[in-house]
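The data blocks that follow each hold one structure.
Below, chain A partners chain B and then partners chain C, in two separate complexes.
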Partner chain A sequence: MKRRNRLGSRALMALVFLFLYAPIFLLIVFSFNKGNSNIVWTGFSLDWYKSLFQNRLIMRSVYTTLLVSLLATAIATVAGTFAAIGFYSLRRRTRTALNTVNSIPMMNADIVTGVAMCLFFVAFFTFWGDFSVWFNSVQRVVVLPERLTLGFGTLLIAHVTFNIPYVILSVGPKLRQMDKNLVDAAQDLGCTWMQAFWKVILPEIKPGIASGALTAFTMSVDDFIISYFTAGSSSSTLAMTIYGMTKKRVTPEINAVSTLLFVTVLALLVIVNLREARAERSGEERRPVSRKLTQMLDTPKGRVFRRGAAVVLTASFLIAVVLLTGATNAQPVVNVCSWGEYIDEDLITQFEEETGIAVNYQTAESNEALYSLLKSGAGDYDVIVPSDYMISQLIEEDMLAELDYSRIPNYGLISDRFKGLTYDPQERYTVPYAWGTVGIIYNTSMVEEPITSWSALFDDRYAGNVLMFRNSRDAMATALSYLGYSLNTTDESELREAFQLLKDAKNRGVYQSFVMDEIFQKLEGGNAAIGVYYAGDYLTMLENNEDLAFVVPEEGSNWFMDAMCVLKNAPNYEEAMAWINFIASTEANLANMDYLWYASPNQEALEQYPAYYEELYEEELGQEAYDIIAAPQEVLDRCEAYLVLPLETRKLYNDLWTELGI
Partner chain B sequence: MSKELIRLRDLCMAYDDELVLDHLNLYINDKEFLTLLGPSGCGKSTTLRIIGGFTAPLSGDVLFDGVRINDVPPYKRQINTVFQKYALFPHLNVFENVAFGLRMQRRPDPSDPKRKTKLPEEEIRQRVLEMLEAVSLKGFENRRTDALSGGQQQRVAIARALVNRPKVLLLDEPLGALDLKLRKDMQIELKRIQQQVGITFIYVTHDQEEALTMSDTIVVMDKGTIQQIGTPEDIYNEPKNAFVADFIGESNIIDGVMVQDKLVQMYGRQFPCLDGGFSENEPVDVVIRPEDIDIVPVEQGQLTGTVTNVTFKGMQYDIIVDFRGFKWLIQTTDHSPVGARIGIKIDPDGIHVMKKSRYSGLYGDYSSFSDEYDELDTVEPEEGGDEA
Partner chain C sequence: MKPKLSRFAIPYVIWMALFVVAPIVLVVVYAFSNDLGGFTLENFSKMGTYAVVFGRSFKLALIATLICLVIGYPVSYMMSREGERFQRVAMVLIMLPMWINFLLRTYSWMSILENNGLLNQVFQKTGLLSLYNSLFGTSLEYFPMMNTQGAVVLGMVYNYLPFMILPIYSVIVKLDGSLVEAARDLGADGVNVFRRVILPLSLPGVLSGITMVFVPSVSTFAISKMLGGGTDLLLGDLIEQQFLGGAYNPQLGAAISLVMMVIVVVCMVVMNRFGEGEEQAVIL
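Showing the complex of A and B:
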């Protein structure tokens, strides 16, 4: 009986560890996969690590991450150590209270800390703007930067802030363990207070400082949420970049970088734990102590020291804030916010070399996320690349600046078909970036006949094998198309009819699940027969599963256009024009079309792409494939772009979606 | 020998409105072994910390060689300290602990008197090794301090202080953490070292036996004031009040009336004694040491009482005897069973008469006597200015 229990508890233990580590193990294994699938193992290779190190965006965010982590660790360690000494020299009751205050930020939800900091910074910048305008107007000796933005400076401040408590927490106990007479003894033997600090206190609390610093560094590297809200447009940490990249799918490149991140953090943790274990083994118990530092710090010199240290720290902190937040405006720069994996990154290098303008390339994960970033004031970008309906909404809310088309001669290369579309009929705000269609992707080995209609998505024959969009607009669009209604209908009865169709199918068990990026795994792995997604992504899946086919259903579908826009009050308007013109060129469009497998709006690029492909890969690009990337006009004719919906319709979408209960 | 080195003038000190030193006046002679003796919280450690410069007095002066040193920081005083629990630097080995003070020292450069230089490494090495030899720790230079026994750590602490050749060595309950046997050895060792180096030792303890063994002068303190200053013999034989009498050794303290010079009355009976100088019929405290009492047959006794408790102590018996409700301690080599009626006789030189003080009536009754009380008394924690 006893034996069995032990076996049971061991099995339970094994299960716990399996759940904890199997996902990470899987991720590490697939970072060495030759192919780009996370399901199908095609052989060992280090290609993803190689391409990782060539990925500008990632390497840049690694640099940012390391820089911010190291700086924040250094500052937080110094500040936290002094704070701990300050706490230590206080009366017990005050100290306990302060320790509680200190531990609140650690227990507080990151999201709250992040949002609070973001709000605080934005409020401070507003105040600073008013102040510096006034200050610059009354004197001319010092010119203060009038416009501060979220950026590396604020990111650093945020990291320092959330790191300090960890340092205090780790140094405090070391101080309390220290023999209370050590400082007296050092002074007795000829040390001044400062000498006693360096020669006696510091060696004693060094292990605490070291593990505090390591913890802080780990926290910094690890942090996503707080960084996300405080980094602004010009900086991106590794975690933020990875998050942006997962917008489409988890590529093995992300596996590779995650593996490296995991190994780094693991190594740091091992070091911390080893240190502690060693300290425990060698450290004989020392007497708990009260504080003689009180008396030290209360001597006249101690007070001078205390005040001096406070002044120096505060001053350097303030100077750092202004310098770092102001410094972002020093060299010509353009802040671009696009989607993950939505540009051939060589273009960025090329642009920088040609123009001398530095590109801060950021990514958002969806139109809605971008919109809320802009609204919160955290998204301080110059150029953004929203989709059609979002552009309408931004124009409606007067958030976009008119473009100076005289500086964008390449606009002339854009096919007339894609000019003056409904979202920007007067051609004042946008330059098209890429476009594509939505269609059905299906596994030919799992269906009886080629699929041509949306009916397949509501067909009981495929029950349990269909993947539906996990967002209301796209999911409703499939039903609306099937019923022959406009994708932009505001008619409640039409919408309710479409909804009923979806709901019935769901209740009958047609849908295996509602997905976004998980569709790659499911379809590539043959776990589902039918899905609905973007044409360009189908071609990616095809590389891993040759049985897949794509169709834009006969009833019509959604086609989308992403276009470059400039935000109102963009700090770098000139540079933004240069960037847009560069991206609109035929060369850039060819490179992007090849990278994205989304269609270019540039007429020359559209025409030249098959030849470009052939030259690059030494094989012909079939007409079929080309038509999937760039749907022919007759397909486009039966498709419809999204328009921004009126508020009440949006509300109805929300209500229906809630009722569906995904 | 009798040159005055340190003088404390009207020292007052308080933690949190609680007076720890109350207008303390004291002078300390050069080359003297002086002990500050008293129970926890009596202010003895605070006095030591003020002399060392670790604590500033609220008011009053500290004079060193006639110069006021109140504002001189500890690192500039020619005084070194051996701390409670030694306060050795854990990150340094024995040699470096002892060398610490020497490495901090600067002296005028012989070639350029305006510049200050460190001591040469060779000199440091020589002085440290000499000092380690003096405290019998030769060969321990490279040991970690936490690998040493308590007594060895103690000697490192002494060496670390003495290597700087201070004029005064302060010792704050240095033997408190050692076991009894080691403590006795170290008492003799400390006295030897003091005589060898020939400097002033100021020693703080709550252990009266330690004080009696080592000191030239004992300063008995209680509640921030000095109760008595004197040689160990003076303090033991001529305690000034009930507190001192009780704190130093064992004492039966009885209410009495001084009938006239050399005659004191207790229990309505008159006892000849050697004291005088009181007014007629002045109420007094009478101290009778337990070993000065002879047990005699009841009929020969000056007083008769009943034995209530007997404890065998090896060299003698501790006997508690009830004399009309007031319990005495008698130390004797003769065994008397519990319940026996006995008589006692006290020689005139066994009786010590003291003026009444605020301590009268607080001490000297052995009603609550037990061995455990004695034990508790010796391990009582020291007041460390821990006012929180």
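Showing the complex of A and C:
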């Protein structure tokens, strides 16, 4: 009877563990896959492990993650232990109140904590800016930095803040279990409070400290949301890097790095547990190393050593902090924010080698998201690559700096027809980066007839198989275009009609999901029949799925120009000019055009690309493909560029967009 | 003179004031101001529009919490009855997944659940799909699992189940065995022992488990975006959208955060009324 019970319970536990480990097992298996798919097994290889160590983005974020977690855990463990002791010796009422405040970061939703800290840091930076300007103007002895930004420092503060409560939570109970008289007795016997702490309290609460530190470290490594709001643009944890990738394709290198981390932790835990189990079996015979160490430290000689060790530890910690903050200033750097997979990454390496300027390359999801990043202060960039209408808006809000064109001789290579466009008529702020059109991408094996009209995006026949844009301007444009209205209409009734079209289609279940770069894997994998996206990206998808087709709908569409701009007060203006000039060159434009399959604004590159392609791939670039990259005039004639909308219309877009999600 | 240990608390109290209390005060200030910094209640008057999102988030989080409880409690209970060695290994196994970032684990679910994903391929190959089609007269090419609310709940359960198991287990395992013996000696049968002794004593663990699953579930945005397809917004998505997403409006975002925070706090206070002594809420 009893035996059977146990069998049942073990079966249930096995099921739960299967549930917990199946996805992880899958991740590990596919880190050894030859191909880059997470579904199709194409053979065993260790290639992803090899390329992992060459992937700077991943390696850097692993480094950041480990560094911030270790530092935060160390600080939080020390601070939390002292705080717990302090709490413990407070009067009951004060203690309860403080405990409540202490539990806020644990009990509060991560997103609220993240948002609150982001707001706080940005507010503080604004205050600091004003203060330091005033301070620097009244005296000359100390020059304070006038510009602080989100970065490693704020990330660390955030991690320490959410880690300390876990330490207190696990140290607190141990303190309560401790005999209160011990401390008093020690002090009566002549211990200073420091001695009382080292000799009496610490040994009692050690297990609590250890488990608190472990929890804190685990929470730090696993955290994404709070980091996402406090890390700014200059540092990125592994979780943030992964989040950026889940939008497009997670490279199996991430599987590889996770497998390595997983195996390391597994090995550590196994070793620790084996040791503990063995120690238990042999009773008190073999004392753990830590015990021996404490004993050694208790001798008079040890006390000197201990004090020395404390000094060394503190000093090395301070040095580490100084180095960390200093390291960012040592090398010239340029912070670039662009779109996902919107550059041939070899260009970054090439630029770094040629100029010695490090490139910190970040991505935003859409123009609207970029705007939010800039406004909230979370994004701190030098060069950004927004689209036409967003450029106008940024100029309108006085957020862009004028360019020094004398430092950008390659600007002369830009085709005249892309100079002085409506968003920058006097050619003061921008250097064009790439252009293209928006159209429908569909899977020919999943639709009955070729698609030519926007109506496909609102058609019940394709219910559950359509992917819609996840940004207000592009999504609304599909509906406006279908209804025959201007993409730049400010007429509220027209906008509401377009919104209703989208809303109804959504409610009827036409849309499988709202996507940005997730569209790549969904269309390539045959998980959806129809999507709407940018022309160049279609050609990228075509490489992985030959059934896909592209059309610029007959009703017309949007054509866009993305251009490089520099933000006002950019800390690295000189470096920004060098970067822009480098990217504007014909060679860089050719490389980018080949990588992105968006059309270049550089006249030479545009003309030379077919030959470049032929030389590189030893096959001819079809006219059809070329026309998709660089839309011919008759297609452009039915397309409209976005113009900046008046504030009121923008607010309406925001409201409608939020409402659409509801 | 006896030095006071309580002064050890001072640095952390200052730290908390700066990095815990001040930011939350700032959220409140933002929630009550317009984009020019003036006082307004406008952000809250709009809140009615988002009632659906609140409803949906709380519904999904509640379902996920219930599922976690239904799975987590028996597992914790059974674990506590196993040998010490087994318990140690099981604990490690439950903690370990947290070392693979949750985004990645969730991403892995995407490749399992997609229309062309692993599970659907298995269904196709084993003929389960055609069996289903012939039974119900449908002509499905796959079972739609991705981009549904079910997938979002699955993601929540998957990610937060350890947060339910750990606190319950740590309370049950510390239960005084002699209490159970006493109850048996006094004539209670297995059901009664569980109902009148074990369950009430494990309540603090259950309560902290519920909180630790419910709060992150109700405010998640990554899981819903990845598994839910972004068609049905959850509270987390809505807040993220106002700060770093496509509809910049931090005042509204702060107001939504505030309302969410208040509702969660009220829920927790009410819940803790049922189980006093929640100070024992332990995670490890």
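FYI, the second predicted complex is superposed on the first by the 355 of 662 C-alpha atoms of A that agree within 3 Å, B and C clash if a C-alpha of one lies under 4 Å from a C-alpha of the other, contacts with A are read in each partner's own complex, and residues count from 1 in each chain.
One rule holds for everything that comes next: a residue touches a chain if its C-beta (ideal position, glycine included) is under 8 Å from a C-beta of that chain, and two chains touch if they have at least 3 such contacts.
In this text, all values refer to a predicted model and were calculated from it rather than measured experimentally.
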Open item on the list: Tell me which touches more residues of chain A here: chain C or chain B.
Closed with: C
Open item on the list: If we overlay the two complexes on their shared chain A, which of chain B and chain C does A:D179 touch? Say first, second, both or neither.
Closed with: first
- [ ] Look at A:S211 in the shared chain and tell me whether it touches chain B only, chain C only, both, or neither; answer first, second, both or neither.
- [x] second
- [ ] Would you check which partner chain A:S372 touches, where first means chain B only, second means chain C only, and both and neither mean what they say?
- [x] second
Open item on the list: Touch test for A:W657: chain B only (first), chain C only (second), both, or neither?
Closed with: second
TODO: Return first, second, both or neither, reflecting whether A:R92 touches chain B, chain C, both chains, or no partner chain.
DONE: first
Task: chain B versus chain C as contact partner of A:V115, first or second or both or neither - done: second
Open item on the list: Contacts for A:R60 in the overlay, against chain B (first) and chain C (second): which applies, first, second, both or neither?
Closed with: neither
Task: Partner chain(s) touched by A:G190 [first = chain B, second = chain C, both, neither] - done: first
Open item on the list: Under the stated touch criterion, which partner chain does A:H159 make contact with: chain B (first), chain C (second), both, or neither?
Closed with: neither
- [ ] Identify the overlap between the chain B-contacting and the chain C-contacting residues of chain A.
- [x] 184, 187, 192
- [ ] Provide the residue numbers of chain C that touch chain A in the complex, in ascending order.
- [x] 2-13, 15-16, 19-24, 26-27, 30, 49-50, 52-53, 71, 74-75, 78-79, 81, 85, 88-90, 92-112, 114-118, 121, 144, 146-147, 158, 161-162, 211, 215-216, 218-219, 221-222, 226, 228-233, 236-250, 253-254, 257, 260-261, 264-265, 268, 279-280, 282-284
TODO: Report the residues of chain A in contact with chain B in the complex, numbered from low to high.
DONE: 91-93, 179-182, 184-192, 195, 199-200, 203-204, 284, 286-287, 290, 292, 295, 299, 301
Open item on the list: Taking the touch rule as given, give the residues of chain B at its contact with chain A in the complex, in rising order.
Closed with: 52-56, 73-75, 79-81, 83-85, 87-91, 100-101, 104-105, 146, 160-161, 164, 384-386, 388
Task: Of all residues in chain A, those that touch chain C in their complex - done: 9-10, 12-13, 16-17, 19-24, 26-27, 38-39, 79-80, 82-83, 85-90, 98-99, 101-102, 104-105, 107-113, 115-120, 123, 157-158, 161, 164, 166, 169-170, 173, 183-184, 187, 192-193, 211, 214-215, 218, 221-222, 224-225, 228-229, 238-239, 242-243, 246, 250, 254-255, 258, 261-262, 265-266, 269-270, 273, 276-277, 365-366, 368-369, 371-373, 375-376, 378, 464, 470-472, 506, 511-515, 522, 525-528, 653-655, 657-659, 661-662
